[in-house]
Every structure is written in structure tokens, then in C-alpha cells.
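Each of the next two complexes has chain A plus one more chain, namely chain B in the first and chain C in the second.
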Partner chain A sequence: MSNGPDWEQFGKDEWAAQEEARLGEAEAAGRLSFRLRRAWKGVDSRLKMLAALAVASMVPLLVHNSYLLRVAGLTGLYIMLSLGLNVVAGFAGLLDLGYVAFYGLGAYTYALLASPQFHQHWPFWLILPLVILVTALFGRLLGSPSLRLRGDYLAIVTLGFGQIASLLFLNLDRVSLPFLHLDRPLNITGGPNGIINVDDIRILGHTVETVSGYYYLILIFVALVFLVVFHLDRSRIGRAWRAIREDELAAQSMGVDVRRLKLLAFSAGAAIAGTAGVLFAAWQGAVFPSNFDVSILIILYSMVVLGGVGSIWGAVSGALILSVLPELLRSPEVARLIFYGALILAVLGLWRRARMRGLALLGSVGVLGIALKVTLTALRPAWFLQPELKVSVARSTFAPLMKALNWWMLFPRESRGVGNAAFVLALFLLLGVLRLKGTARYVLLVPGLYTLAFVWETRLVEEPSVTRMLIFGALLVLTMNYRPQGLFGERWVQKL
Partner chain B sequence: MDMLLKQLPQQLVNGLTLGSVYALIALGYSMVYGILQLLNFAHGEVYMIGAFIGWGVFALLAPGDTLLLPALVMILLMLMAAMLGCGFLGVVIEWFAYRPLREAPRIAPLISALGVSFFLQNAVLLTMSARYRTYRTGLLIPRTWGISIFGATISFTRILVIVVAVLLMLGLHYLVQRTRLGKAMRATAQDREAAAMMGIDVDRVIVATFFIGSALGGAAGVLVGLLFTQVYHFMGFTAGLKGFTAAVCGGIGNIPGAMLGGLFLGMVESIGAGFISPRYKDLIAFCVLILLLLFRPRGLLGVKAQEKV
Partner chain C sequence: MPLLEMRGLTKRFGGLTAVNDLDLRVEPGEIVSLIGPNGAGKTTLFNLITGLYPPDGGDVVFEGQSLGGLQPHQITARGIARTFQTLRIFTNMTVLENVMVAQHSRSRAGAAETILRLPSFRREEARIRQKAAEALSFFGTRLVGFRFDQLAYSLSYANRRRLEIARAMAAEPKLLLLDEPTAGMNPHETLEMTRMIGQLRDQKGYTILFIEHDMKVVQGVSDRVVALDHGCKIAEGSYEEVAHNERVIEAYLGRRRGGER
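Right, the complex of A and B next:
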């Protein structure tokens, strides 16, 4: 690496490419994140891949719970999908909001050709190339308007395409053709009921049936996709994509075939999504329109953005973090541990140069909680649950912690209305905190954090699925505003 | 075919109502785009929250089956509350999600907007649950009120929707063409830097634009609530996309274009729903969007702009 040019920096804006060097001289010694990144970059990529593969392939040996293994498999699918999205949105910088449609297209194609729906039972090795071909073709079709449209028009056209696809999945269950006389409407996609009894995958005479079987199959495909994307990134094509992303006009005048490369990005991303769709359909044994709706798109974008747009390891780690984290939120106990842990770490991290102030802040939040608890339970005991009712302490692994929580937090009997009001209040307080500076910010943070914790206990813990979506939405906004390069990505060029 | 032709006047009326609502939503997109060249994805959600604010005021002022105030005052109050609330929401969104990203690459505010939209949707899902909420429009305007022309019945609710929408658009037209703020807005839309050099407080103009655009979106939410009576947390997504389609139809950034585009889309959709199948209503709207962007990306009224390099 030290000798010769650093190929990854080719095609990148010079200011962005030299970010490391600038930071290095000024702050290298001080910043943990910087040292971690440098250490990470120092390790050979092949070694990192092998290590990741080794850890991933041990998962079924260590985890015997089939639910957890399912989560691991889904994580693999998400990694695949975000790697594909990273090609389109990350490498080439094309905001493709119709990406999920290809995932759905792959899944529906497999389901139609390998299920009792039309009594077709094609083998996997035949369908897979077909799906790759079809999705790549559709990706090209979707991409062709991008040659004429600028960023935001492209976003809306692709979103429109995505919506059309999901409307078709939903509505192609009673098709009557104008010229062909059918005795009853044709049912293609099964409408909201989807297509069920989709065949399992058969390769080389083996039928993949078990959860761990599918896990390994997905792992193989993830590894393949990773290798392809990794080499694409370092190839001539990858460098040209970066050049287009940074400055399309400059790239074109340097002789980059913008048209061909943009279409290639679209079809590569689409083909990866289609492959993931095939695996998903076979694994779930059924496909429904709701599997491919907008929320999946937002989840995928959150993953790519969190990891760092344009970074391969970023896409992997973003997908890993954001698909494992929500599963942890399912258990209220672990969710609490993560929430309060993250809160405390965030405060200490933000005030790492003035640790006493950070500790004082946490202390004030604690005192505020106790004061509220004591006064309100004394004044209006009927409004609140008895401490032990809400958080079960007895069987908890973290009994002291839960006990402390019981004594600190208010648990209103009528939690819904109060919790909703507190949610709105917490939003306003925290938005205020973001806008204010100095002492006012510090003072406002105390009620802000307390209200946040209150909302967490009254509403968010009880509805993990909505909480998950809220976190994804907020994550997109916060990452864009405070760390647009995500965890692994390079800083973006500021156009002035 | 004869049957369909008989339905035509009714479909035209439906299209006119729907179109005036789309036009109101489209204005929010178009105004913001005109000034910031930013696609405010969260606008659909602002409209949805407007519908919920209107519902909240209705529920507050009509406990049980009795109205506390005269119907006209209630409708006015609902509109005012939704417009103020949504205007404020729009300003807050601009402040937190877009302002820090004004100089960033184009993809950044788009992703941020996507996040805001998703967050708002789920915030409403959390606080209001997924249950459909009902506007009891029948209490305000008896269903039997209406007139019929050429075989089409126009209910009073539809007339109200059209009248309110037209009044709001006229108001906007006056504001943009005849006031100092409107002049500042037009100047900013033309060239932000030059406007700033001429002493226009660009930030204030942007805030005002977001406020007005979002307030119109909120009003559209209340009107849709009155018309279709049901509101829910996911209603903003499709409506937002259609509002954007309407804005593009008329040439984005162009205010009269947004009005025309809204009417055009409303008509196409209703007539399509009548002649093909109501199931494909949304499909028709999105196909219009894509065909339009492919063949006439500057819209029906838009002029071809030189791309600045």
C-alpha cells in the first residue's frame, strides 16, 4: 500500500481524497476514532474478508435458537441488499428510490416460476440467471431516464417506478385482458394474499430446507456479491463511477462514458437486489406485497448512510448494526440497557473535554427524576402504578438496574395519553437543544433527557416496531446533518 | 360507452375537486423548489398532519353529536389551526433538516428529507395509532345539500373544497405578485446570491416560503378530510407523490403551473378511474408522472432552463 498510487483515491475529488492527510497532521494523536480508522485501514483487505467469513460461518454452530438464526439469515439478505444499493447510490451517486422494486421483482419471478401458482417448478439454477438478466434489464430501463434527469427528478421518477411496481404486485390478482376473452379474471400475483407454497431451493440434488441451510446459502451469496462489488470498486469502472459522482461534467470531459456507466450501475444494483429477492422468496416460502414496501427502502438507505455512502465495509456494518439492533430492542430489558447505556455514553462522549459537566448533567437528570417521583407520588398516588408493577424485577438479570429504574421513573397508570404528550414535548425540547448554544442548551438538556427517558418507558418500549422506524428516520436526518460520511465513508465534497 | 359518457360530467366534477386539492399540495412543492431547488419529500407528511390537526379541532369542538359553534366557524377554525400548525411544522423542518445542508451535495438534503418524512409518519403512527380517524362531515354539511347540473351532482362539500382552494390560491397569487414579501420571494427564486446582495434577507424569505407552502398543504389536508372523511398516518405518502406529480406537470417552481398541473392530474385520474377501473387510479397518476418526466421534464408551462455549471 505504501508504494505506488493508492487506487481507491482515484477518481475522487482531491480535497476529499486528502482528508486523511489533513486530519492526520492536525489531530491524529488525539482522536480515538481516527486511530481506529487508521488501524482498520492498515489491515489487509483479504485478511478482513477471511476473518469476517470465518466468524459468519461459525454462527450456526454457536447459535442453536432457530429464531436467532433466522435473524442472522435476514441480516445476510440485508447486507446483500445494501451492498447493491451502495453500488447505485454510493459509488455512482444516483439516488435510486425504486431499488426495492427489484428485490420484489426477483422474489416474484422466483415465486411465479417455482410454486403452484401457475404449476411451474423450474429449478433454481435456471431461475437465478434468468432473474439476474431480467432485473438487470429492468434496472437499465429504469436507469435510462437518469441520463436526462438531474438528481431530484431522478429520485422521484425512480420512486414512481417503485410505487408502480408495488401497486402492480398488489393489484395484479384480477386481471382481465381487453382482447383475450377469459372465463374469469387472471390471478397473477395473488394480490394482498401473495403467492404461497413457493418451492425450496434445490441444488445438486439437495433441497435446502433448514434454517441453517438457508443461512449458509445466503452466506455464500453474500460473499460472492461482496467479492464482485469489492473488485468493481477497485476497477476502472469503480474509479469512473466515483468520478461521475464527484463531478459528472468533469468526468465526461475526461472521456468517461457517463451514459454506459450510469446504466451499468443501475443494472448491477438491480441484479444484486433481484438475487436477494430470489433467496428471500425461497426461504420464506411465500411472497407478499408488503415485503417490498417503502419502509424496506428507508431501512436500506439508513443502513447505507449509517455505514457511509460509497463504502463497502460501511454498507456491511450498517446493515449488520441496523438489523441486529432492532432485534435487541424486542426484549424490553435489553432495550432499556441499550437505551440508557447509549444515553450515558453519548453525554460523556459529547462532554469528553469537560467530563465534570457531563457528569453534572447526568446527575441533574437523576435528581430531577427522583424529585418528580417523590413529589408526584406523594401528591397524586392514584395516578401512578406501584413501582413493582411495571418493571418485573424478580426474574431480571439486571435486577439492581431495574430496581433503580423503578425508583427513578414515573409509571403513570394511564400511560398512553401522557406518553404521547411527552413524546411531542420531548421532540420540542430536543429540537430546542439542537438550536441553542451555551448554558441554555445545557439547562434545557436536563428536562429534555428526562422527558426522552419518560417517553421511552411509557411508549417506545411497548411498541418496538414503531420505535425502530422512528430510529431509522431520525438516523437518516441526524447522519446527514452531523456526519454525512457515516461510519466508514470519506467526507463529501462541499460545493461552494 | 354510452354509460361512460353519461358518467363524464360527474367524473369531471370529481376531477375538479381532486385537482384543486392536488394543486394546493403541489404549490408547497413548487414554492420550495423554486427558491431552494430542493425537493421537500416531507411535504406529504405535512399535509397528513394538517388533516390530523383538523380532525383534532373537530373532535374538540364537536363532542358527541352536537356542534359547539356554527358549522362555518368550525370549518374556518379547522383550516386556521391546520394552516398555522403545518406552517410552523414546515419552518421547523426547514430549520433542522435542510438549513444545515444548504451547501451540501444534492443527495444529502434528499436523504434528510426522506428521513424526516419517515419520522413524521411513524411519530403519528405512535401517537395516533394506525386506526382510521373519521371526519363527521355530515354534522357540518348535510349530505343532501347539493346541486345538479348536466346530470352531475355537486355536493356542497365539493363546492366548499373548490371555493376554499381557489380562494387560497388567489390569496397566494396576490401575495406573490403584489406584496414586498412576494417580490423578495420572486427575486430569491431567480438568483439567491444576487437577491442577498440587494439586501434581501434570504433566510427570512426561505422561512416564509416554507411557512406558506406548508400552510397550504395543511389546508389541503383538512379539505381532503372533509371530502373523503377518513384520515390515517400513511395518507401523506401517495398524496405527496401526487402533489409532486402535479407540480412537475405544471413545471416545477412555477406557481400558476402548479395550479394547472393539479387540475390536470385530478382530471386525468378521475376520468381514468371512471373509464378503466378505480383500482388503477394511483397507477394512472404515477404513469403520468413518469411519461411527463421522460418526455417533457420541464412540465406543461415550464420553460427550458439553462443548466448552470
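Right, the complex of A and C next:
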């Protein structure tokens, strides 16, 4: 672009010229996260997809427990759903809180057309396109009045739509129609009892019945949906969606038909959710209104946010983590392993520049525990239990951990009351840790961590359902603190 | 036939008439600059041309056809692209993607082609990428190479201005509307931008209508200067004519003491 002698220096960018050197520096500094990110980005996406697919298709060969396989299948459905939600909320930036309605719509449509409810037994290959069509249409219907709404306002309207849908599922069991003179009110959705005895899926004369059969079917659909979303993302459509999310007015001025593309996002998301609904209905063999309530919506949004809004791999990993983790936490032994592992890793991570201090902290917590255990059990043996290992645990790989725990942790006889008191104490100790600085913080951490572990052992392990939710929340809060953009998301800048 | 013609264009915001019965013509290949004090209606005029506001009266005619009732994206497709005074780049998208978006109206791959990755889609995608890279390479080494994959928020202010112009170029317009292209730039960058505006016409063949406050830039590059005040055209002609026009000086500096009113 240079023409003329005084013009030489223009149009050149020194910063650009130094790019290679800067990258080298970052590499030399050797931050693990930087290296991981580079390695991840270096691998071709198709290769990553194939690898993920290969691993996923091995699951039924490795897992013989049908319960675990069910969890895997459900994870697949969640991956599909969060991929679809990622299109609407992630790519196009439309805060759609009515998303679960389409999941329900797909499931109920399949259930109505393939169950004894109306004595209809349509084949799967006929229902699926129909469901895709119907849900996409309803997606448009929801989208069109919402076109002028943004952010919170859109969220309210779509939430209302979602609530209407779930109320309809619940109440369309006594419908009176004019002019038809029915003997009794029409029962469409079965109300709270749902629709049962839904047909299994038949494809090419073959009926899918087993858990592993459904797992593979879901896997195929997950792969297809992934491919669809992946291709949409990297195209003029995906770019236009993201442009709308970033700046609707500028997108419009650059030739993007905002109206059309918003509706496309709504219907694409809805169709994906509808497809997942069909698979869910057939697999479960029944549909109930409670399968499609707000709690599912919250879980789905957590998945997308944890993985990184707008990132496809993020949606996949978020769904994977948030549906597998709660299941892992079901067994107290595994839950313990995760809890103590996370605690130790957190301490080592926070003191990674002064490793000895971190180790000293862990050592002091250990010493404190053993000292407390020895003195208190000697003074007041009646207050404490000396739990025996369960046979199943004693034989498993967890035995050493549990034995070590018995040396270190106090198990009070009256675990409930003491545990509750310790919970309050732990809160104050940790608050103190957050408020204090320097040595005081370091010293306070020792009893703080021990009390935390004590609360964990006395209360949380006893009530896994509460614990799982707490860990869920803690995980989300921590991730959002350290990586607000989610695991795979790009950093988000709201304003320049 | 003029490329762009405004006939009696009027826009009112409540009691304020932002653009008042304005007639303006832009001939093909011209560089016309719009000047005027703050609130003169310059940006409103741009918003009227690009369809962001519907006019309250009058008409905008582009290549002999009225733009009345067209959506902004349809007007872009007709061949008018703009930049914004307050930068409106797509912050969380890469530099290359920012520019590729502007090819939207010049491409037509639908959902089916996209999902199936048909050859037609691949060809079009390659073309879009090439057009975008071409537009960015107009600014030398500033926005090319590794910059392609950088997120737009990492750019400096001047580079964001350049990115906006590149984005407008990628829409393949006949008429380019630049809203204060040198705002916030240092003198060095302003000089460069002045030169760039000339090159946009000479090398790329765009007709340019631009809003500018920096009189050096206006003087350096415009074929014709139009001065606005309170939504009315108060002067039109060469830089010399307009710069020495009594009413223009008055609009900027106020009336001499002892005048009427």
C-alpha cells in the first residue's frame, strides 16, 4: 500500500511483526492452561469428533452395568439438548427460557402417535420428520412475537410460553370440545399420569429394545446433531447469528436479515429439542409432565454456561460433566475421593508458587486431625463411633482411603447435631479465611479445612441428594469465578 | 443520473426536526463530505439513507430507484454500506469473521447446503473468505495474517475504525457512507486515513459520502463539501467556497455581534 517516499512507514504494524516472538514468550513461560489450549486448538476438529465418537461407541463394551449405560444414554440426550440450546442462546444470543417446551412437545407428539393412548402406532421414520417440522414451526411461532424483545423481556415471554406448555401437558386430560357431543371429556396427555406404554422405536424392521440399543441410537443422533450444529456454526448463517448477538443494528446494516435468522435460530433449536424428546419418549416408554419442567431448563442452562456459552465443545463437555458427576457422587466412596482429591488439588494449586507452604498446610491439617482423634477418643470414648468398614468397601480399592480416614476423622455418635454445629463453625472459619490476610489466614485455614472435612463426613455424605446439589452449585460458582467464559468459551467482552 | 439522490427528505423526533426538507445529490465516483456542527443532522441523514429510520417526508433514490420502505439489509444488498460514528464492530468475533459477515447479502447458501457441506457451499465460503481477506489487505499489514483470528476487541481504536471500513467494503457497495472515519485518531493516523479515503475511490471505485469534523481531512480529499445546520443544507460546493461561506462560519462560530436577532 506504500506509494511515495514519506508513505513507507504507513500501513505497517510493528505489533504485527512481533507476533511470533510474543507467542514464543508465552510458550516459554510455560503456563499449563496456555499449553493445553494450544494443544486443543492444534488438533483438527474432525479428528476430535471421530475420537469422541470412537470413545463413546466403546462405552457399552466396557460398561456392563445397565444402570450406568442408562446414565450414558441420558447424558447423550442432555448433550443433544444443550447443543440445541447453544444454537439459540449461545450463537444467536436469544435468552430462550421456553426451550424445554419443545423437548416436551417432541416427546408428547411421539407418545401420542405411537402408544395405545389413541391406538396409533405410527412408524418412527414417519414421526421423526413430523416432529422436526412441528417443533420447528412452534419455534417460529414463539420467535415471531419475540423479535422486538431483547434480553430480560425475551426471557420473560419465552418463560411464559414454557409454562403454558407444561400446564397444557398437565391439564389436557379432560378436554371438552364443542359440537362433537363426546360421552366424556377427551383425555389427550393423560394429565399427571402421563402417557404410558409408548412404543419402542422400529427402524428397518428392527425394534430397538435394549439399553445398549438405545444408547447407540442416541449416539447416532448426537453425532448427527453435533455435525449439524458444527456446520451451522462455521458458515454464513453461524456468523450472522453471532453478529446479531454482538450488535443487532450493525448486523442489519451489514446485510443480515435479522428477522429471518432469529426465526431460524429459534426453529433450529426447537427441532433439535424435539428430536431429543422423541428419543426420550421411546426410550423411557412413557412421558410425564414432570419430565419437562423448569428444573430441566435450569440444568440445561447450567450445562451451556459451564461449558462456555456459544462453544460447541463447551456444550458437550458441560452436559457430560453435569450429568456424569452427580451419578459419580451417588456412591459415598467415590464422592469422598472426589471431595478430598479436589481439596488437596485446590490447596496445591493455590500454593503452586510456594509448594512447601501448601504441603505444610496439608500436613498440619493431617496432624491436627490425628491429634484430635487420639486425644478426644481417649478422653471421651463414649462420644465417638469407631466405624467398621463395610465388607464391600474393605475389599474394594477404596479400603486404604477409608482406613486412613478412620485414623484421622472423628465420627461422633450424635452426628446430626454435632454436624450441624460444625457446619456453622465451618462457615465462620471460612468467612474468616476470606476476610483475613497473611499468616492469620494461613493458620485459620488449618482448622477451617478440618471442620469442612468434618461437616462433609458427618452431614453431607449422609445426605447425598443435598450434597450433590451443593457440589453442583459450588462447582458452577468456582468455574464462573476462575473462568467466567466457561470451560471452552472465549473470553467475553460486553463493552469496549 | 446521480447515484444517490435525496428529495425533500425530512425526519422529525417529536418537536425536533433533525433533517428538514433536504435535497442532496451524489454523482457516481464523487467524494462528498458532510460537515456541520454537532446536532446538525448528519448522522440522522446516514440513518435515513441506510433505512434505520423511516423518513417523515421525502424520498431517498438510489440508482434511480426509491429506497422507501426497504429494510436496512435490503438497502445494503442494493449497494450502500456504512460505518458508525460510535464503533459497532462485532466485539467477540474474530477480525476476519467481522468482515465475512458483511458478505451476507452477497452469498446465498441456505441451511440445507450449509448442513450438508455441498460443493456449492464450499465454493461460496472460499469466495467469502477471499473477499474478506481482500478488504482487510487494503490496510497494509495492520489487519492481516495473525490478526485474522484475533478477536476484534483486542484491536486498537484506530484499527477498529479500519476494521469497520473493511467490513463495509466487504459488503461490495457502490456507495460507501463513512461516519467520522478519523474520530479519535492521532494526527499521523488521520493523515493516513485521509489518503486511504482517496484510495478507496481511486483504487476500489467506491463513491463516498462521509461525515467529518477535521477540516484538514475534508480539504484533503473531498470533491464537494455539503454543510448542514439544523437539518438544512446551508452551503454546498468546493472546500474553498464552503469554508468561506458566511452562513457556515456563522453556524460554527455564531453570529457576529451587532447582527440581527
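What we mean here is this: the second predicted complex is superposed on the first by the 338 of 496 C-alpha atoms of A that agree within 3 Å, B and C clash if a C-alpha of one lies under 4 Å from a C-alpha of the other, contacts with A are read in each partner's own complex, and residues count from 1 in each chain.
We take it that a residue touches a chain if its C-beta (ideal position, glycine included) is under 8 Å from a C-beta of that chain, and two chains touch if they have at least 3 such contacts.
In this text the structure is predicted, and so the values were computed from the model without any measurement.
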**Item:** Touched partner set for A:R236, first chain B, second chain C, both or neither
**Value:** second
**Item:** Partner chain(s) touched by A:L475 [first = chain B, second = chain C, both, neither]
**Value:** first
**Request:** Applying the touch criterion given at the start, work out whether A:L249 contacts chain B, chain C, both or neither, answering first, second, both or neither.
**Result:** both
**Message:** Looking at A:V228, would you say it contacts chain B, chain C, both, or neither? Reply first, second, both or neither.
**Reply:** second
**Asked** So, does A:L434 touch the first partner chain B, the second partner chain C, both, or neither?
**Response** first
**Message:** Touch test for A:V43: chain B only (first), chain C only (second), both, or neither?
**Reply:** neither
**Prompt:** Can A:D257 be said to touch chain B (first), chain C (second), both, or neither?
**Reply:** second
**Fill in**
chain A residues where the chain B and chain C footprints coincide 249, 492-493, 495-496
**Prompt:** For the complex, which residues does chain A have touching chain B?
**Reply:** 89, 93, 95, 97, 145, 148-153, 155-157, 159-161, 163-164, 167-168, 171, 249, 294-295, 298, 301-302, 305, 309, 420, 423-424, 427, 431, 434-435, 459-460, 463, 466-467, 469-470, 472-478, 480-481, 484, 492-496
**Asked** Hey, which residues of chain A end up touching chain C in the complex?
**Response** 1-2, 7, 10-13, 16-17, 19, 227-228, 231-232, 235-237, 239-240, 242-243, 245-247, 249-258, 264, 268, 310, 490-493, 495-496
**Residues of chain C defined as touching chain A within the complex** = 50, 52, 71-73, 76-77, 81-82, 84, 87-93, 97, 100-107, 109, 111, 114-117, 121, 124-125, 128, 138-142, 144-147, 151, 153, 160, 167-168, 171, 192, 195, 199
**Message:** Please output the residues of chain B touching chain A within their complex, sorted ascending.
**Reply:** 37-39, 92, 95-97, 100-101, 103-112, 114-123, 125-127, 237-238, 241, 244-245, 248, 279-280, 282-283, 286-287, 289-290, 293-294, 297, 307, 309
